[in-house]
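The structure under discussion appears below in the form of structure tokens.
Lettered A, B, C, D and E in written order, each chain numbered from 1.
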Amino acid sequence: MIFAKVVGSVVATQKDENLYGMKLLLCKEVDHHGRPLDTYHVAVDAVQAGEGDFVLLSYGSSARMTEMTRNAPIDAVVMAIIDDVQIVE
Amino acid sequence: MIFAKVVGSVVATQKDENLYGMKLLLCKEVDHHGRPLDTYHVAVDAVQAGEGDFVLLSYGSSARMTEMTRNAPIDAVVMAIIDDVQIVE
Amino acid sequence: MIFAKVVGSVVATQKDENLYGMKLLLCKEVDHHGRPLDTYHVAVDAVQAGEGDFVLLSYGSSARMTEMTRNAPIDAVVMAIIDDVQIVE
Amino acid sequence: MIFAKVVGSVVATQKDENLYGMKLLLCKEVDHHGRPLDTYHVAVDAVQAGEGDFVLLSYGSSARMTEMTRNAPIDAVVMAIIDDVQIVE
Amino acid sequence: MIFAKVVGSVVATQKDENLYGMKLLLCKEVDHHGRPLDTYHVAVDAVQAGEGDFVLLSYGSSARMTEMTRNAPIDAVVMAIIDDVQIVE
């Protein structure tokens, strides 16, 4: 899974019907300390994440494993909002 | 999902029969502002996208999750035409 | 999907039984103009491609979606021979 | 599969219901000698791994193939704790 | 698929039960001439490969498509031992 911060959203009217009702979030990848990296991702929201939230993204067929996203032609989902990362290193 | 702009198409007569009737689009990757990057992608069109359209691509098994692409041996689909990207960053 | 040119083949006698009868092609990645890049791919032939052909490769679970490759432990297939790439850019 | 060392955990209260009861581990990628690399991964624990353990990660749909992770929207799992890597090179 | 040479093995006692009986091979990626590259892979052996063998690896869900690996939480399999690579370039 990938650490990211929600920084916006994507509006699309003309889209595959299996996407109706889903919110497309623009997410900026961050490291495990929450520090911004250079990569952006578009992912469907499965946990009512809001802008600024520190979240986890899951890629691939796993993105279709939430109630919200089943059978949708999407390859990334926001599936958790992070409270804390505990590091023992 | 990946941001891209449709810049052409690919013509193939000799192909797997599960590809019949599908349009193969040549897409140039862009960033979330629509600015061109260096990477090109070939993806099947599921939303009647036209040249110049700002679109979203989905990769992997998800590419087979549209009515158009079910069971086809393809790994990328254009599944939405983007109206707007809203950034709050 | 990835643009490539067929440049050879791979011979393997000792292999998983789900691979019997399949031809393993050595493919050199090319750009959308057909110009050679540095990466090589091994993919199963689903369209009777020959050496020198300009082809499309599909990766991942989609590689198993042709009649030829169903249920085989392969992650790449040649699923179309390209006649032309039309660019409007 | 990827070699990694468990270095922490991720706490998330608001998450997809298919994630309930799973432990999200923060893992630092290492090479086959166990030497640390720069990449971090978040993966679900399927083998009761503890901090400091030298483990194997599996990515993609395979991450859902343990009893613990079936049907969960996750793309990485810790599926083995490594005792030894034997190199003959 | 990826060219590799078997250079060792990975021993793991504590692992997911769907891995029992499988041999985890340490493989060093090579090019199509068999020349060593810098990347290492861990893959399950489906063809009784031995150390020093020049082999093909398949990644992703395809890794579960051999009799040996069905339903296992693994993302890479050695599915062929290479006799020869014929290049016409």
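Note that a contact is a pair of C-beta atoms (placed from the backbone, for glycine too) under 8 Å apart; a residue touches a chain by one contact, two chains touch by 3 or more.
Just so you know, these numbers come straight off a predicted model, no measurement behind them.
In terms of their C-alpha centroids, the spacing between subunit C and subunit D amounts to 32 Å.
One simple way to say how far apart two chains are is to compare their mean CA positions; for subunit D and subunit E this gives 20 Å. Each of residues 60-61, 63-64 in subunit D touches at least two other chains. If each chain is drawn as a node and touching chains are joined, the picture is one closed loop, every chain linked to exactly two others. The cyclic arrangement of chains, read from subunit B in the direction of subunit C, is B, C, E, D, A. On the subunit D side of its complex with subunit E, the touching residues are 1-3, 31-32, 46-48, 56, 58-67, 69, 77, 79-89.
Touching subunit A in their complex are the following residues of subunit D: 7-19, 24, 26, 28, 40-43, 51-52, 60-61, 63-64, 71-76.
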